[in-house]
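Below: a set of structures, written as structure tokens.
Look at the two complexes coming up: chain A is in both, with chain B in one and chain C in the other.
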Partner chain A sequence: MSSLLVLAIVVAIGVVAFLIGRQRAAAHENGTVKPHSRAHYHGWWAFLLAVLPALLLLAVWNIGSSFYLDRHIHAVLPERTADSKVASEALDVSLVKSLARGLRQLDGNTALPATFAELQPLLAAKGVALASDTQDYMIPIAVETNKVQGMLGWFGAVVTLALSIAGALYALRQIAPRARARNSVETLMLWGLLAASTIAILTTIGIVLSMLFQTITFFESVSPISFFFGTVWDPRFADAGSGGSRGQFGLIPLLAGTLYIAAVALLVAVPIGLMSAVYMAEYASAKVRGVVKPALELLAGIPTIVYGIFAVVTLGPFLRDLSAALTGGSPFIQGQSIFTAGLVMGVMLIPVVSSLSDDIITAVPRAMRDGSLGLGATRSETIKRVILPAALPGIVGAILLTASRAIGETMIVVLAAGVAANLTVNPFEAMTTITVKIVNQLTGDLEFNSPQTLVAFALGLTLFALTLVMNIVALYIVRKYREQYE
Partner chain B sequence: MNIMTEQSLENAVGDKMNAKSNEVIKMRGDKVGVFYGDKQALFDVNLDVRLNQVTALIGPSGCGKSTFLRCLNRMNDTIDSARVTGKITLDEEDIYDKNIDVVELRARVGMVFQKPNPFPKSIYENVAYGPRIHGLAKRKADMDQIVESSLKKAAIWNEVKDRLQEPGTGLSGGQQQRLCIARAIAVSPEVILMDEPCSALDPIATARVEELIDELRQNYTIVIVTHSMQQAARVSQRTAMFHLGYLVEEGATDKMFTNPDDKRTQDYITGRFG
Partner chain C sequence: MTDIPMDTMVRAAAHPRRDIGLKARYAAERRFRIYGGLAISVGLAFLAIMLITIVSKGYTAFWQTTVTLPINFDAKMIDPSNKRATDPSVLIKANYPKLAESALIAKLGIDPSNKPMVMKLKGFLSEGARVQLRDIVAADPSVIGTTRDVNILAAANLDSAFKGQIDLSVEEARRKVSDQQIAWMNKLKADGVMAEHFNTGLFSYGASSRPETSGMGVAIIGSFYMMVIVLLLALPIGVAASIYLEEFAKKNRLTDLIEVNINNLAAVPSIVFGLLGLAVFINFLGMPRSAAFVGGLVLTLMTLPTIIIATRAALAAVPPSIRSAALGLGASKMQMVFHHILPLAAPGILTGTIIGLARALGETAPLLLIGMVAFVADYPTTPFDPATALPVQIYMWANEAERAFVERMSGAIIILLVFLMAMNITAIVLRRRFERRW
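Here is the complex of A and B:
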């Protein structure tokens, strides 16, 4: 029986339990005792007890049985020998599994041929394509596997349905005028919401751990000191694994490039974003604000790859030609440069700064403005001397959040900043960033366990730590600021 | 009945003359109307504010008294949809005239708000804010002088003199309100508008602020909006009663509270509505 069908039946049992539960509880409502919970709470409680444990069991059962099948196939496969035709044991198992999946498409009455060569056209007729190195000895194993799987499936379905019915009956038996179904449902709601928020945290932890282990492997071949303090980035793709030459993995040029480009971007985004926020919060009429604010936020919705294309196709060449025209010959701005990447990234960040700052400026109480205006201050004096100082902690927080966006930004710099790991102070030359190098190291055609690839994880973890610290500081500042007016 | 003795006539004229010399009109509202968008909030208000007196504006919520108060230093300008008709004069000058600079006007007609609203700055900087903006002090010593005398006039100097650099927001509600009054005084206004200055304060703090208002009357002209009848009776010399956007009645406070002309005033004062 397929899991989907079991699922449908479980839900159906739940719906029936809901209806019965509600009806039974409703019968109590005219009684002498005042019911504790309203009828639909009893219904929901019955539904939840019928559905949730059963679904949990079904999920656990399915995962468990797939593990069991893997081990079962391992056990029955013939002992591997030197002349085995299939490259690895794992491949063996996966071939059997896909063969089994294919066989399920055939109807049971057809007699199975003994060789794969005969079987393949039959399966192909059903639209099942199989790898050509599937071996003849796998056919009986696949048939056996299907049998075991079918049995496991049936058994699981029966147990699940039994649990579902038991849950429903248990809940229905509990129904009494003073039974606290409402509290039970509320508690379950609480756990459900808690589970949802836990998923985000667990995912973060999972990401960090997965990067951490690869990073540790990387540091086994390259010392952390030469990674964090090295000033040369030269991973030597060509020499990978060919003895002696390991390449150098110095983080400094990448970090410098990252921070340099982010700084240029912030130099563009912060003044413009802040001023547009001040305009929208303090000067713009409701009508203008209604148009300008969504338009600015639209800018935030443009995918960053589009900004990158704009930078590399339009702005980069334009600046190069412009600088060539200015000097009358050789361009001093390269096609890919810190300046170009920073400029475009800055434009991308304007709506982030302005939207965050706008919220913060609007949150400054009106009483502050009135107090200042009532003393004969002009609007701009009020903004400069009262509103911005009052909003400053929040604005600093917003800038830090923006900075961590700039540091983590990838697509714009991949296209516009260049790949040369230079250490330079000239903003018109190419420089590269941590994110660009992560992309480069992972998209190469390299062994996955070589330091050339693993360095990407070390870079990723460094980046993660960097932005995490900035976000924590930013959130701390923003939160502290909020307490002032509450 | 029509016959008056010479003596009594002379007395009457003399009283009137005396009264006149005491009662210079500082601000005058002439047929003042206020619209918020299409909705009219204030209708044809004619009201005089007399020099060195406290004028109390009373009336039920939403009657337009705060709206009128905010017209007197053009704070309504900060609300986009607000529009003012009629004429308001300060020393016989139309304050809605094109030649009047609103910033200058607000320096002459200061305002204290319902909720104490000190800036998130030090006590010293709160008071120095206005003088600094208007360039009233050339040197640090002058500024210190202004801050000290303003805080003294607002009767809060002794409580804060040792902690001028601490934030103004750290003071108690009553102290904050007196700090706001000091802040308003620091720019040497001629008129001080107070919009329910005690509504967020406890009775003891209220008593202190009321005392202060009475002292300030010597040097300033004060207009106060209040919901408290007792407060109006205690601190003001003139009272104006508003209802539904109209000025119902205006006169000497003593008379308003003992023998009002209008039944609505009578009803409001005795607590029959409002």
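Here is the complex of A and C:
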């Protein structure tokens, strides 16, 4: 019996339990004893008891039986010998499993042929394609696996349904005028809410663990020292299964490119964004604010891929032709360059800087502003000598947050910064970044055990650590600053 | 000292005003103001330039050139040995481009035995004619033996030439359309046979190696699946988490940890979520690559912090008096939240959700890592089938060299931006309309 069907039956039992429970409880409402909970709470309690434990059991049972099956196949597979045709034990198991899945598509009446060569056309007729290195001895094992799996499935289904019915009956028996059904339901709801809020923690743990494991595997084949301090990036894509030729995985050129482009972007974004925020907060009339603020929000809402395409299709060629016209021949700005990528990223970050600093500037207390103006300072002097110094920690935090956005930005640099891992100081040449290399290493066909693939996770972990530190420092500064004036 | 003559006495003249540099200070003030205005103009000018270049490059993508030809579904050509009753595959394999070509030859009045002229027709009509005519025959085999007018797609180069995007002053050998083809094109145009129609294919076709038969059908469906998954998962989980943190959580280590986590996740680079999806969902849990379901899960994790932060702000904005009133009337805390606070906070939650969805719709980087850069020609029927997404489709077209793909890409960007703007404007309108000041 498939898990989906069991699930549907369990939910159906729950619905029936809900209806019965609500009706029984409603019968008490006109009695002499004042009921503690409304009727539908009794219904919900019956539903929850019928469904939740049963589903939990079903999930555990399914995971457990798939583990058991793996062990079982391992145990019955013949001893591996030197001339085994299949590359590894794990591959053996997965071949048996996919064979078993294919056999389930066949109807049980036809006699199974003994060799895979005869079996293959039968399966192909059902639309099942199997790897050609499936061996003859796997057929009986697959048949047996199917039998065991079927039995496990049936047993699990029966136990689950029994538990569901038992839960429903237990809840229905409890129904009484003074039974505290509402409290029980609300306690369960509270646990549900708590579980939802821990997903944030689980995500962070998932990010760290998944990248950590792959990174550790990566460091088994490439030493951390040559990764963190290497100045040459040359991963050399290896052929599948060749074990990976030795490439060089130096982080330095990527890190330098990342920081260089981010620095150019910040040079564009911070002055413009900050000045816009100051203007909007201190000078602009309500009418101007009403137009400019939504427009800046719009700029912030444009996906980064659009910026990237603008950089590579329009701005890059334009700057190249412009520089060619200026020198009268060879262009000194390349089509993909640090300058182009940084400029476009800077424009993307303008609304980020301006909205963050807008919040911070408006948080400076009115009294400080009025005091300075009352002493005869002009508005710009008030801004420069009073407001900006007072807002400085917050602005530093905002810039840090922006910098972390710039470092983690992907699509603009993938399109506009180039893929060659150079080390250069000329902003008009191409350089590449960490995020570009993560994308490069992971698009296309992957093998999960070659250093060429795993290096992406090491890069990702580096990126995560870098941005994490910046974010935490920035959030700390911003929060502390906000409290200062409250 | 009383005998000082009056005329030698220094009269106290009006004290000259002390120079406190007021002029310079006012000049500085004006300059500062101008800088501020300039900064904003630079930002807005960039927005304008970007939108104008994209629209000017992309609006032509919404029209497609076709040639209306009287196609003779000749039984001798489609099914020479008359086996279609027993072997339907004949209808699939027939040489349909030949049908279109002969119709074009007849229309242009070329002598079919003049081989060099016939060769020059190569690349005039789209290869997509095969599928177009095959679908007509497959849908209704009774057309065989009859003649009917069909709008055949022109090839991408002819389409560009027809739209006037090819520079005809370049010498013939160096452009993709020959002079003879241009002459034919002008003849067909004068006859009113060759014309531009609204490009429905842009919305319905899947991936193709030919620009004129490639479209965003698969990408739109893939993006739709992902948005549904994000909405179904991120909204309930996000609201539940916010309710717990805002209404129930005691101030302790766990709550602090959760808050720091959420704030940090909101600022983690999106590509990191792609790595998470690849390692956990695809590698560890064995979910299929390129599937909209995995994309939806990754985008859900990415959108959650946005929704949680917006929801918490909306919940916190509901005044305490409402809470006290509900509790005072005997509601339990759970009833207070679900019957009173949540409905009042709903507009704020909705706004945050729409903004989060808009961000998820435009997100590309994590989807590249979970294999959504795929050549998918068939519509995905379930979220577990291979699919692409709107921004990923744009990225793939950006990597194509042909001019016609750039046109389609700009068209796709326009569509994506229209979707996003519609969502953002809905959010702004909702906020203005339902926002309550307590």
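What we mean here is this: the second predicted complex is superposed on the first by the 304 of 486 C-alpha atoms of A that agree within 3 Å, B and C clash if a C-alpha of one lies under 4 Å from a C-alpha of the other, contacts with A are read in each partner's own complex, and residues count from 1 in each chain.
In this section, a contact is a pair of C-beta atoms (placed from the backbone, for glycine too) under 8 Å apart; a residue touches a chain by one contact, two chains touch by 3 or more.
Nothing here was measured: the structure is a model prediction, and the numbers come from that model.
S.K.: Looking at A:A162 after the superposition, I want to know if it touches chain B, chain C, both of them or none. Which is it: first, second, both, neither?
M.R.: The answer is neither, since A:A162 touches no partner chain.
S.K.: Kindly classify A:I63 by the partners it touches after superposition: chain B alone (first), chain C alone (second), both, or neither?
M.R.: neither
S.K.: Considering only the touch criterion stated at the top, classify A:L296 as touching first (chain B), second (chain C), both, or neither.
M.R.: After superposition on chain A, A:L296 lies in contact with chain C alone.
S.K.: Given the touch rule stated above, what does A:L322 touch, chain B (first), chain C (second), both, or neither?
M.R.: neither
S.K.: Let me test your reading of the model: by the given contact rule, A:G374 touches which partner, first (chain B), second (chain C), both or neither?
M.R.: First partner only, chain B.
S.K.: Tell me the contact category for A:F310 with respect to chain B and chain C: first, second, both or neither.
M.R.: Touch partner of A:F310: chain C, not chain B.
S.K.: Which chain, chain B or chain C, ends up touching more residues of chain A in the combined arrangement?
M.R.: C
S.K.: Would you tell me the residues on chain A in contact with chain B in one complex that are also in contact with chain C in the other?
M.R.: The overlap between the chain B and chain C interfaces on chain A comprises residues 378, 381.
S.K.: Tell me, which parts of chain A touch chain B in their complex?
M.R.: Checking each residue of chain A against chain B gives 285-286, 365, 367-378, 381, 385-386, 389-390, 484.
S.K.: Show which residues of chain C lie in contact with chain A when the two form their complex.
M.R.: 25-26, 28-29, 31-33, 35-40, 42-44, 46-47, 50, 53-54, 57, 236-238, 240-245, 248-249, 257-258, 260-265, 267-276, 278-280, 283-284, 301, 304-305, 308, 332-334, 355, 358-359, 361-365, 368-369, 371, 373, 391, 394-395, 398, 406, 409, 413, 416-417, 420-421, 424, 428
S.K.: Of all residues in chain B, which touch chain A in the complex?
M.R.: 73, 75, 78, 80, 103-107, 110-111, 113, 115, 117-121, 129-130, 133-134, 169, 180, 183-184, 187
S.K.: Please give the residue numbers of chain A that touch chain C in the complex, ascending.
M.R.: 182, 186, 189-190, 192-194, 196-201, 203-204, 206-207, 210-211, 213-214, 271-276, 278-280, 283, 292, 294-299, 301-310, 312-314, 347, 350-351, 354, 378-381, 383-384, 401, 404-405, 407-411, 414-415, 435, 438-439, 442-443, 448, 456-457, 460, 463-464, 467-468, 471-472, 474-475
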